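In order of appearance the chains are A, B, C and D, and numbering begins at 1 in each one.
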């Protein structure tokens, strides 16, 4: 079995106390739901705890020592994120509440500024998470623009056959996921971005599943906006990130109005601060930014190349083992090539809900349902699937436990 | 000095480790910036820590044991908030990222649904926090509606003289703060709500400074929306609350689109879940809701009547002591009547920034600036003030330390 | 929590051989309900003959619990009067929301007592109630607008 | 951090008696800058005579640091050429962002060296830079559009 040089998964697991838990029935927890949310290492939780108990204050506007400490923790989180994703400037990093808000922010302000109107087109894909579908549907509805989308091939890849007709001179915005949370597919963003920019469209990338798993450099990616979320990258809930090109951000109006995002306010009118603050109304997620900074430190110490290699190795093992099971059909690419660590599957004769319940009774935590990707499910003629997803702490033994629990499920429901 | 029966502030302070800190120069911390953000008791921080290390999972959509535990923690936070504010139904409690998002949510969806247009009026007041000004300015700009406002009397009270002309049949929305974060004023909401409802206007209340300080019962208040924020009520950052009347919420379109807020999604169109989920796109602030639940438990154990009485007593003491200082002018009501625990003041000959800096050098943490209330400052002809604000852990000795530090400041700048 | 409490033999039998499945004519109301969390769906029709539930027909896609529950609903409600049916629904809901503390009445719920175990699995209660909520909705539509359709 | 490092005697003197305060004619550019955090404001005019900074006039409201900084700016920049002035601005900025690690050059910064202590108070750096950023903005406007008022 492939092992990344010097990557010690057993040592890593010690940082995640929950992984040593046992669940109902006394089974050790086998957590295979990391595409849904990742577990948090002690280092991240302690950073949050320390922040609250020792340095808590509001930021920017407080000029006492505690305020300076809290501001350093918060803005330090921004610095760390900027460096982690290769942002040319820290001022391009906007903190939101999650990836969904980041994507909605883009859709709302582009709508407010008149980027799209009747006759204009917005292009997404059939494999998007609902958070990268609904904001664009709502924008199209508000503005009269038309929503179009890339299809998905039988293998679960982005169908680029009609790239040049789909993305055309009417296209104003293209918004695409980097890694599919359902199919696991890693999309070839470069060709889409190149085509979109050729026709003058803006490109937003949903990197919610990418930033946790693979080394990301937004400068070389070349997109205009990149959205992701803290809780999937060993960070806290309650914080997401929107990265945007500075000149573009500087040309856009605010999304939410309130404290921190203004330059000056009179009853008649207000002027607004420069990015990123223009887009951060109200008290920001201060402790969460401190926690996310610790998450970035944690990932950086492991090395994102190593995290990606581990994910790759575990996914290869899982693809191989799962395909040994009769009656199990993987929905999405079956080869560990351009593929992230989420595997959705159907099991003949047992509904995904029931699969998940039986696995849970063996301590194996997976997700069942549409994984916020109903159109992708419909594309494959299934209403729901069971999904196992892996992360930097997942072991081959856990994959083997998954396989054993699936076989148990088949026996329980008498389908094998 | 008045003391609330059985309210043991010294015992309470032991729950807040940061209050035992000393800051630069070895001075014990005197934290008088609670209107900006409150400190957090150990109980809240531990609830967050425990959640992350033992029960972390995504909610609703995860059907394994950990997912059930996380969902119980998150929805349990909602139950606690609902009970704490007297909400007729838990489904009226929407989690946002902060109070600012809650107010913007209301402004955006009322705009989307066409509540206001040209000729219609929105009424706010001159003492609002920017978070209750800017969203309405932006709404007025987007829709052609007119923004109007209540003035403020010389004493710092809401000027109700022209209530009946200001709130008239053209008025569609009235949005008002309950407790001013700058002046400290507690507004007589009942008369405004009665008048607004008489003319058929909706009423939003910014309760960001009220919910932390006084017993709140939204059912008897009678407003249509109430917004507040977790971090000012001994809870975490990254979470706010919008309460709304259920029938009203059920009639409104979504604000942000994405995971969790849908009923069904196809590429062509989507339908949306019932409130509160309709308004909670994406992964919600899960750990923060668990923490906010612990904050509510903490406040409930103290008793909000006791918290309010303590605030009242401390504020009375502070008003008295501060007025002993020559050259100090309080901006806002000088009597501890219908008054919250924030006192803004000017000191002759010393700019508020410099006051705050000097106080900080003595360990006394206050805020200097416009406190996100520029129009209220302009109303009183000052560009900024120094603000001391108190909370359930503030002692009379800390007020005395403030007074001593102000006198030191006057000596330092040779103005006394 | 023991998974055997959830997957009672009766439930698995109804799942494999659902009673009354399929959409039939005549009907006075048709509704479509979805469990947004997992995507389970049901299209359900109600045919009333005066005050009597003459038929309940449905097309459901979902897990064993939601499918079996629709099958049991068919057995329990067809032939009853609307008020009787609503009383059964109340009894069923009460058990479902009872977190395993409410003793089901076999006289009233018949095979439905097998769902008592579901009440211990909060995430599955919505599965068991999907068809019942759909039925309630459909009946109220049929009663309020009996000529329509 | 010792507050005396911040409030040097020189700073307090400039604060009490600001040099060059008030708005004057003629000017080629006028700007208004605000520190959004605290509300400090400055309206600042630049008058160029050829390449020379002939006058800098201003109306400022703010703390001792921001007021004294405008006063020192007046002393340092009036009479210099624009490139010389920008070099002084660079030197001043460098000290301000140096977190107390950058040694100021008295030849260049004169009274401005008193602001070295400000660099240890990150929250106050913006106060010290407010007038300088306004000057930079005004000069670039005056240079790019010399005829405009």
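Details
Convention: contacts are C-beta pairs under 8 Å (C-beta built on N, C-alpha and C of every residue); 3 or more make two chains touch, one makes a residue touch a chain.
Predicted model only: the values in this text are computed from it and were never measured.
Considering the contact criterion stated above, the chains in touch with chain A and with chain C alike are B. Of the two chain pairs considered here, B-C and B-D, the higher C-beta contact count falls to B-D. Rounded to a whole number, the gap between the C-alpha centres of chain A and chain B is 31 angstrom. Measuring from the averaged C-alpha position of chain B to that of chain C gives a distance of 45 Å.
Per-chain CA centroids place chain C at a distance of 76 Å from chain D. A separation of 37 Å divides the Cα centre of chain B from that of chain D. Residues of chain C found to touch two or more other chains are 37-39, 124. Shared contact sites, meaning residues of chain A that touch two or more other chains, fall at 24, 61, 63, 67, 262, 264, 353, 357, 360, 368-369, 374. Taken together, the chain A residues at the contact with chain D in this complex read 60-61, 63, 67-68, 71-72, 262-264, 273, 277. Per the touch definition, chain A reaches chain C in the complex via residues 24-25, 351-354, 357-358, 360-361, 368-370, 374, 377, 383-384, 412-413. Taken in their complex, chain D has these residues touching chain B: 1-3, 6-7, 12, 37-41, 61-65, 67, 121, 124, 127. Within the complex, the chain B residues that touch chain A are 17-18, 21, 23-24, 29, 31, 33, 36-37, 39-40, 42, 44-45, 48-49, 52-58, 61-67, 96-101, 103-104, 107-108, 112, 126, 129-135, 137-138, 142, 147, 149, 229, 231, 236-240, 254, 256-262, 264-267, 269-270, 281-288, 353, 356-357, 359-360, 364-369, 371-372, 374-375, 378. Residue ranges on chain D touching chain A, taken from their complex, read 34, 36-39, 41, 122-124.
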